[in-house]
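Paired with chain B in one complex and with chain C in the other, chain A is shared by the two complexes that follow.
Presenting the complex of A and B:
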């Protein structure tokens, strides 16, 4: 955990269960988001990320378990929670008939803490035309407009659902920059879900991996990386099944050369592989994407997470 | 100071920053007494978490490579030569390993690998000489 993170937590979700008809969307989820961190929620589509975020916003009621945001139940105290929370939804639901300036004025009316100068500086930075109708904006412009509306009252908690999804590099750059700026302001917290794992790796302090409605792990990015290793090994035999190694999560390759993503400390893994007669060609720390693919999507090829 | 971060590389980002700052110092592109960008500034420039930059700076400070003056920024240490030949050797060995592994995969012999290295070294020598001649 980082120093910026105090013991105090902004969000606490305990044993949250949600069923939609027969589908178990959340099967007992626990997460804790400490104050002042960037918290990344990762998982495949349909893993339960959006459902979890909707509970945090109070737009879904817990069937069982509990959700606390700033110590309050967001379903029972929506105004108190939402006034401290900026939200960018995946479908950026701003009415299409509004003009950018109207959307800003309309949202401003709900928030006493609205910072007009800040909103204006964001509008200029994002190059949004006040007179443009929302429905005529590009995906990237819509996302930037949604982000402006979520940031301009300087909420202590920013929640972003797949903020970069389907955006061009310039809009993704602006979104990432907004996350970095937000957390650089003392004590502000960002919770975001994403399937772009290199972005999560850039900005997250803490990562929770959700798979089939459950949290596979929730820990600091540093610790995730420190307890996984990636080895490229070569062996004598031309064929046969993948080599075995304690802590092995996923093996790819074939013939003599294999890439092994393992749970374990890198030097220990190297020693163990050598002891088993494998020639270690490379040993390094896996990226978050490597860990993700090895843990929850071992059938998928690199670069196809979504 | 221009740094390049690659989140797909696997190496933790704070280590990427640390290694690159060390390279910049070892290669003379950062000199003792030079000021580094602020934590916020570098975080926004690289689009990474400010805590990550702070950690890289902190560890470089503990290693005696950087010094932070309270409220006045972060500087390259002027105390002696923080990067010993041994430390440079460790950094280079890491790169040499990656190079050797690649050459191995492509079926290069040790002699052929060394020949490539020699060629690259000679090129560097020429570039360096050209650079000196062009100086006023």
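Presenting the complex of A and C:
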């Protein structure tokens, strides 16, 4: 399914199914996270990203299918898995009554490999007062504190659930570009979920897109871009439906000018459009956001590709 | 009326209406059950009437409590005015009036329905004062809850003010009895229906003032308690927390989370029960010993609440640390045990105080001590024995909300008591039911309780083994502990080694004491996995 599957994998999820009463949260998810990559998990709100991460953490038991982290079942061996994993939750669930210093001391006790100097440098970098109570911190400061706790023992796997939610641009830059990349450059693995596609595009090596509990695609960012093309075309007729092209995913515009996002190589798409009497005004590689919208935006999809 | 207000009335009526409807149904069942006892001559008329009246009053208070709390967006219980109502495009005062009036109206209707059903069942009118008191309690509590953020410092200035005024009056020569009379007159005033004409609008005005200030982000009054004590935090040096082991860190976490809760709630509930028994002496089972057992009732009530909070941490933070469910559960068990030890000392002291205040028993004990009929060891035995028994019950109550404990308990309870009882009463043709009842009456309630405990203990043991929560050697040590506790208990009974039921009872009590060791890890595992 994926080119990443050939590398040594840290996480392997196979045919994972999860239902919450009548709602199908995950419907046969397969992903493979190779060692040493930044793996972005994208999808709309409610697509199943957090549910998938909870299975990886061992907070949810697989109703069907399997989850392996470092080759182990996180439900059966939570201690072995969690001791190698740093996690930042979406709701930053550090208890409000704790002080920053207390949260650091408490977490440190569970990880023999805790790097005190690194923790202190992160605390200073994030400008966190160790006497401050967690409940008095802003959303962004809570995220930074959570990140500090997840990073300071240098775990081989870092799992971040919506890490930049509520962060200002400079903090987002700090977390994503400075820290996440550094972690990956050290040969460690980062799995993070986000619905901010521009940031995923900036840092991820491999991207998996989840839509309604299913993985729409899972491949490297370069491959995704090489596999899709965006054309701005013009036609002679004023009225009529959107122009058709092989592999068309999404068409927007009206009248004579249309923007088409298609699956296929850019040169081939351009040739095909010209052959169909369309004048190609612009042809380029779509952004991840364009691909995402073309594939999952409700009411705008032209086709589905497995 | 504007559509927005009609919509709000509809929404508030639906919420309050459903809550009140559930409580009406529940109380009707209770009243009908008492009436059934009366009909089948299982109880005396006076006792039935008293029980039904008390059940109705407690149902009214329960309704008031339920109307005071709601669930917020995180499904946590919240006591504040719902912030979303402040964001509605409507004036604050009408919105607040609708919310408050709807709840008062439904509480009033609930009381009225229950009083009518009470009259239908027992042919007597229930005193209006129960409803009036409930409405007062609700209105005052609601107003205080809604103003507490805007009018700050109420939580410590009001009790300090009352204590200060009482102290000043006593200092200037006013007899304590006069103070009690004043308190009684104030209480009597609260039981008169016309007083509602003052309390309800007063509470509404106070609440409205608070909410309007809250909307404008204005605060008035004294500094909040934590700000008033902020200087303490300032002068306190920051402690660098370092723990030797994960267990030590987890124990610290649980101590900070629930360690102080049990003693604090025990003290609070003891005072509440003592106060309740003072102003409503009819509520007490026995007027002579009411202050003696108020702390015991307080400890039991606190244990039920702490058990629930103890096993269900709001944050999943500790579950994301590399620790087993057994270790997380053991930390809670040890911290609750520590809290229970302090509670044991606390209720022992308070019960002595209560015994002296209760009059007859206290005076008798002091006289016997003076005359040499009772020595200090005997006195300690007299005081500590009931406190110890209550502490043991509180220990069991702390873990009553663990899932494997609760569900089979209910199932077996229904199987043993309710089904035979109903079938016997309504002559469903089960001939053996009479025999079972006779047997139970003969052996008391021992046998079903023994069966229940061993059933639950066996079930949890099978589950912890199946899930690998304990190693077999742990179970071996658990068995040794069970035997040791049983022998200690047996040694304290007059039937040492001779009476089969005494041996069985000691084993049962020992199993109940040890049951949390298996039930709590199962509960934590269940909660951790949400499965």
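The criterion applied here is as follows: the second predicted complex is superposed on the first by the 282 of 306 C-alpha atoms of A that agree within 3 Å, B and C clash if a C-alpha of one lies under 4 Å from a C-alpha of the other, contacts with A are read in each partner's own complex, and residues count from 1 in each chain.
The definition used in the following text is that contacts are C-beta pairs under 8 Å (C-beta built on N, C-alpha and C of every residue); 3 or more make two chains touch, one makes a residue touch a chain.
It should be emphasised that the depicted structure is a prediction, and the values quoted were computed from it without experimental measurement.
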With both complexes overlaid on chain A, does A:108 touch chain B (first), chain C (second), both or neither?
second
Look at A:225 in the shared chain and tell me whether it touches chain B only, chain C only, both, or neither; answer first, second, both or neither.
first
Based on the superposed arrangement, let me know which partner A:256 touches: chain B (first), chain C (second), both, or neither?
neither
Looking at A:139, would you say it contacts chain B, chain C, both, or neither? Reply first, second, both or neither.
neither
Thinking of the overlay built on chain A, is A:125 touched by chain B (first), by chain C (second), by both, or by neither?
neither
For A:23, is the partner it touches chain B (first), chain C (second), both, or none of the two (neither)?
neither
Applying the document's definition of touch, where does A:78 land relative to chain B and chain C: first, second, both, or neither?
second
The answer for chain A against chain B in the complex is residues 2-4, 37-38, 173, 176-177, 180-181, 183-184, 198-199, 201-205, 221-222, 225, 230, 232, 257, 281-282, 284-290
Complex contacts: residues of chain B adjacent to chain A
5, 7-14, 40, 43-44, 47-51, 54-55, 97-98, 101, 104-105
Taking the touch rule as given, give the residues of chain C at its contact with chain A in the complex, in rising order.
233, 238-246, 248-249, 252-253, 256-257, 313-317, 319-324, 528-531
In their shared complex, at which residues does chain A touch chain C?
57-61, 75, 78-83, 87, 89, 93-95, 97-98, 101-102, 104-111, 130-131
